[in-house]
């Protein structure tokens, strides 16, 4: 069967995967760990949180890949919820950063040392 | 199979009735705060009433609901009550303090109620997605509560640290769920259990890694070494009455979820392959928590490390993972809730306030000046040490007994070694309270009727359950029996 | 090499490179932008995985809202480059980098070599199967049947987040 | 599982006995701090009533019953945590009953003396002693291991407060050391209890913590412990008790605790708490682990001998009266341990008599030192000297107590020591000889104490205004003196009381020791 | 479905043709004329002639303007962030151009190929998440402004960027909710389906007038047009995010703004005014197809005129008024509208 471009294929039916699923999983895993690295190495709270967002999205990719492998919509549902939760988290997180900045004038994590790490 | 479309039965609603009550009460509080500010003195009572009503609805029938997304059981009822109890104590003890600091917005109580609702939903969840949503509801509310004194740098810093690390842990939770889903084809614990039972799942490295990631995320919420780093900072900076909640019920919830995950994804023989992992967490937590707590000079920070150690004892129960051990864990958690919440409330009542640190030295002489709160704190210290006739002893008795019965004497020995070390710092608090003359005047908030009620409640729980633990034990037993397998 | 393969290669390269850039870059704004590009790559990958709805959602919510919020906050707080002074915890950083590299490599290896899942990829249950034509009605149907509770729980979560964010970012005290 | 119906004044005498003091403490909670007279009244009422109940128990007890039958006469047995077979099991035999009487008597005396002295935070002081009394009595009468452990730990807390709040300058150090030493031992015992329960359950199929079930199983060989397990269990138990005794080299907490404790604390500590260690050995360690007992007897005996000599030697070098008495306790209790591990009827009954006797005499000594300290706020012997003329009553009583402690025939100490030495002699002449040296030394240092403090020229001016014991203090001390004399002259009732208990202990300890 | 090897190629070719056509229409035809149109309309409204010297009716004014801007010296201030400063105008332009991909600009045209006649729909990509695609892109438009504001390293620019980000996020919600009503009615997220539904029933503007009002206002806010152009507000912020821009880069912002305007008009037309359809008229065959394109163009142009009209008629809001309006008026209105539509659809049993 000839591969079709996914955009065109979406209306016509789900085409077979020519890219091995493991490749998607690999990308997802790598992205996840890039996110982990960022979360651990960044010094700015905001950048750390960005990295965490990347982790979440990497997980989403994993979910989508597995959902595709199994032809199962449950994985997509989970991603839907994860995206919503991420938005909620972002709102609260950023509000906390703003509050912290107002109180301390910095959100450098290394300088957030009123409480001993 | 897909469930019925937009179809909710009364049994479904009954199963989440407590959550509904809590959520609605939270919304009511927000509206009240917006439109009835003058009635702010009534907010704590509204929250308490919500808890009471939620408790009235707590007698829902067991069984799965919402097309199998959740599973109501004795166990969830047990955790419901723990969550409500923690909220009640926190509200009772926190009212006066917040009012003094003019921080008694309705949102505080609303967030507490919502957090509790998320917690109970998390425990009910059979679908890991529901578990995740419950976990996040609980956690996000707590992130906000951590930074509740948003003009206090320490509080916002605590909020930031808790938030960052919490979000980090959530990502790992999701990673675990994704992996397990990919390998076993479902996010539902019952389906996972069925799938795993008939396959080579237990040897699959990715499934193992997935479960590991989920457990690590839960261990973060429980604050087990090496996933504990947030606890001391957050406890220290967070509003003390909110810590009374944070440090108790959410941990219980996370423990129960961990048990459910292990039940589903550990092969028959009850989690034995996970034993080294859990035992390592237990040993590290007990030793690290207790030793570092010895060095602390801030009460809240000390209690944070002590909490890490206490959860180490829980981890002993998890590592043992026999039915009596799980029972013991539940009893331990219930006792810990009353004890630790009481401790934090008393610390709040005996310290200068949320805008200042809580050095141990400030407790000096409080035995004479504030005998009531000091007695509560003393009692909770004894209970935390695990000395009879307090409920802390009963919990340890059950957990250690289960460990010994499972031939894990060495774990029990580590446990008692930790208890011995812990006596050093718990009794130091008692020493400051009763045996040391104050070096400076501390402006402690006035006690009101509500906090008095909180003290009496907590003391009763600590002592009565310590002497006559049978009702608690029986209930914990039925709760543990309601677990699958 | 099929068209799918090419698109996959491009999109994943984009995602990975800009993800790395996001970590390496010192200016928060540029980190955010790199992440936007990464999310684009991810969206393309999602389309490849027959999830155009999710792809759109991802762009709308992440790129369109969350990251804009990040930018907003960055500009509001006027965050410049990360501190360049001496690293307070160099050992900590090196150690965590090593740990991340090791565990990431390990996991990537395990993922690649994992082989067939223990529960085989059989024909899925009819209800969850992604149909040939249009996945959105299915997702909608699932959302209001099996995931009804989750959906409602999500509503509380969002309300709570809104309330929390609001109260934390208020400047004045009563 | 036999249960006893609740009847307040019948079989449940023991519950009344144990919890009466705690009720008193509870009542005190509702009394205002300043109402000293009321507090005194309540304290004396409840401790007096407890003493009365203990006497009642003595009257009801039939000393002629043998073996486990002995326990049945006053037994209370109710389920407590039935799932694990944990019971509320209280019972007494001659051994525990004699110590119960000692406890109630000493507590009453201590409170009487306290009434005559100026004590800060008096309410708390009285309440702490009442709670402590509950703990001590509970430990003595509980036969369920968990229940025993509960009471055992309950003793710790009031003692922590008594030393920590009303103690001397280094009270914090002393009290922490006391708590940590004791706790270390008892926590180890806790795990051992759990382990033994597991062993028992596997051997007999019954979940139980009752000593009455354990002992037959252990002695009958049903437990089937490997020597290593038995040794570990034995040591876990023994350590808890030996710390409490305290046996050399575990004794270092004792001088600190004694010196820093207030008078009443020292009296109870020396009079009762130390005895609970030896009681535990007799009641639990020996019968449950006969083989290990046999194996480690020489080792413990050597430690005990070192303790006897060392304690005496160090006591002789002390300048502080309390420290001196404290080290004398180390020495005397080591003798008791030696007697216990001689495991024959003579030595063990001697040990029991000596336990009671030492409780009386050492209690008295601490009490009288306390009387002096209350007036002069110093315990240095050098600060006294020749005060006999100022305080003739104190001097007299002190002399009697000293002589009783030394073992002067006609006073109680003599009976116990003589029996122990006689029993030990049967086992080893060498042990007996070394132990006797300790006795001689004790005569030397105690008499030196009396000599330095009471006789001789009165050199210190501050002692001029020294007043003698007041009525309360006298009321507290006189009963003890009476018993010191009575038991010395006519020890038969005590010996008779404990005879069967001793017999059964010796019996069970012999079962497996025979090759 | 049997596919021959060249089928995808043919599809791709068709797509390219459509893309070229749409871009030609917007970039080459509509966009330059808009510059002229805006100035003429402003003249009209202010009762003056407007540009009328360059070419007939001043029609070449746009060319002249563009030439002038391109000839000017390209000033790049010293402290700007060079990369982002250059990227920002491009980013503004791109989403608008890509938006057209899912908008049906006509009915269909029959084409004979491989011996078979097939109706080629006049939409570049008929994706089943059409509207979400548009939302995704419009939500990205803000990046250009925000980045311009940030990279300029200028306080006015920065404030402009901050305002733009807050404003766009605020109005996106109302926009999404009001548009959702359309898709509930049509039962699909595909834009062709929406147009077909309107063709078969009724233009959405009639039953969903409230939604239309909210959507239209939100569009103004999203495109930063007066009365919502707070991000450039020359009275307070000099020129907001493009204070530091000059020459061709500046022109690109303008182009971006107009391209956005065209795209927005096209979307409103599609969602609420029946797209390429006219009531009672069936557009079939080649000429029908072409006629439908013309109908679509006219409707869009009408909307563009509305934009211009408003711009030169209404004063600018104050920033806090803008936010209040968004959150306290339009958001609740859009909620209300959505619920009403949903209830109606549910009641009518579809």
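For reference, chains read A, B, C, D and E in written order, and residue numbers begin at 1 within each chain.
FYI, a residue touches a chain if its C-beta (ideal position, glycine included) is under 8 Å from a C-beta of that chain, and two chains touch if they have at least 3 such contacts.
Since we're looking at a predicted model, the values are computed, not measured.
Engineer: Enumerate, in label order, the chains that touch subunit B and subunit C alike.
Structural biologist: A chain counts here if it touches both subunit B and subunit C, which gives A.
Engineer: Whose Cα centre is nearest the centre of all Cα atoms in view?
Structural biologist: Checking distances from each chain centre to the full centroid gives B.
Engineer: For the interfaces A-B and A-C, which has the higher count of C-beta pairs in contact?
Structural biologist: Result of the comparison of A-B and A-C: A-C.
Engineer: Starting from the Cα centroid of subunit D, hunt down the chain whose centroid lies farthest away.
Structural biologist: E
Engineer: Determine the centre-to-centre distance between subunit A and subunit C, using the mean Cα coordinates as centres, and give it in whole Å.
Structural biologist: Here subunit A and subunit C have centroids separated by 2 Å.
Engineer: What is the distance in Å between the mean C-alpha positions of subunit D and subunit E?
Structural biologist: 93
Engineer: Roughly how far is subunit A from subunit E, going centre to centre by Cα mean, in whole Å?
Structural biologist: Those two chain centres are 30 Å apart.
Engineer: Distance between subunit B and subunit D based on Cα centroids, please, to the nearest Å.
Structural biologist: 42
Engineer: Give the residues of subunit C touching no fewer than two other chains, as numbers and ranges.
Structural biologist: Expected reply: 3, 52-53, 57, 65, 69, 74, 76, 107, 111, 114, 121, 124-125, 128, 134-135, 142, 147, 150, 154, 157, 160-161, 164, 168.
Engineer: What positions in subunit B touch 2 or more of the other chains?
Structural biologist: 129, 133, 136, 140, 143-144, 147, 150-151, 159, 182, 185
Engineer: Report the residues of subunit A in contact with subunit C in the complex, numbered from low to high.
Structural biologist: Per the stated touch rule, the residues are 3, 5-7, 9-15, 17-19, 22-27, 29-38, 40-44, 46-47, 49-51, 53-54, 57, 60-61, 64-65, 67-74, 76-77, 79-81, 83-92, 94-99, 101-102, 107-108, 110-111.
Engineer: For the complex, which residues does subunit E have touching subunit C?
Structural biologist: Interface residues on the subunit E side: 8, 81, 84, 127-129, 132-133, 135-140, 142-143, 146-147, 149-151, 158, 161-162, 165-166, 168-169, 172, 189.
Engineer: Of all residues in subunit B, which touch subunit C in the complex?
Structural biologist: The contact residues of subunit B facing subunit C are 1-8, 12, 16, 23, 26-27, 30, 37, 65-70, 102, 105, 107, 110-111, 114, 117-118, 121, 127, 129-130, 133-134, 136-137, 140-141, 143-144, 147, 150-151, 159, 182-185, 195-196, 199-201, 203-207, 209.
Engineer: Which residues, counting only subunit A, touch subunit B once they are in their complex?
Structural biologist: Contact set of subunit A toward subunit B: 25, 32, 35, 39, 45, 48-49, 52, 55-56, 58-59, 62-63, 65-66, 69-70, 72, 74-75, 77-78, 81-82, 85, 88-89, 92-93, 95-97, 99-100, 102-104, 107, 109, 112, 114-117.
Engineer: Quick one: in the complex, what on subunit C touches subunit E?
Structural biologist: By the definition above, subunit C touches subunit E via 3, 27, 29-30, 33, 36, 52-53, 55-57, 59-60, 63-65, 68-69, 71-72, 74-76, 78, 134-136.
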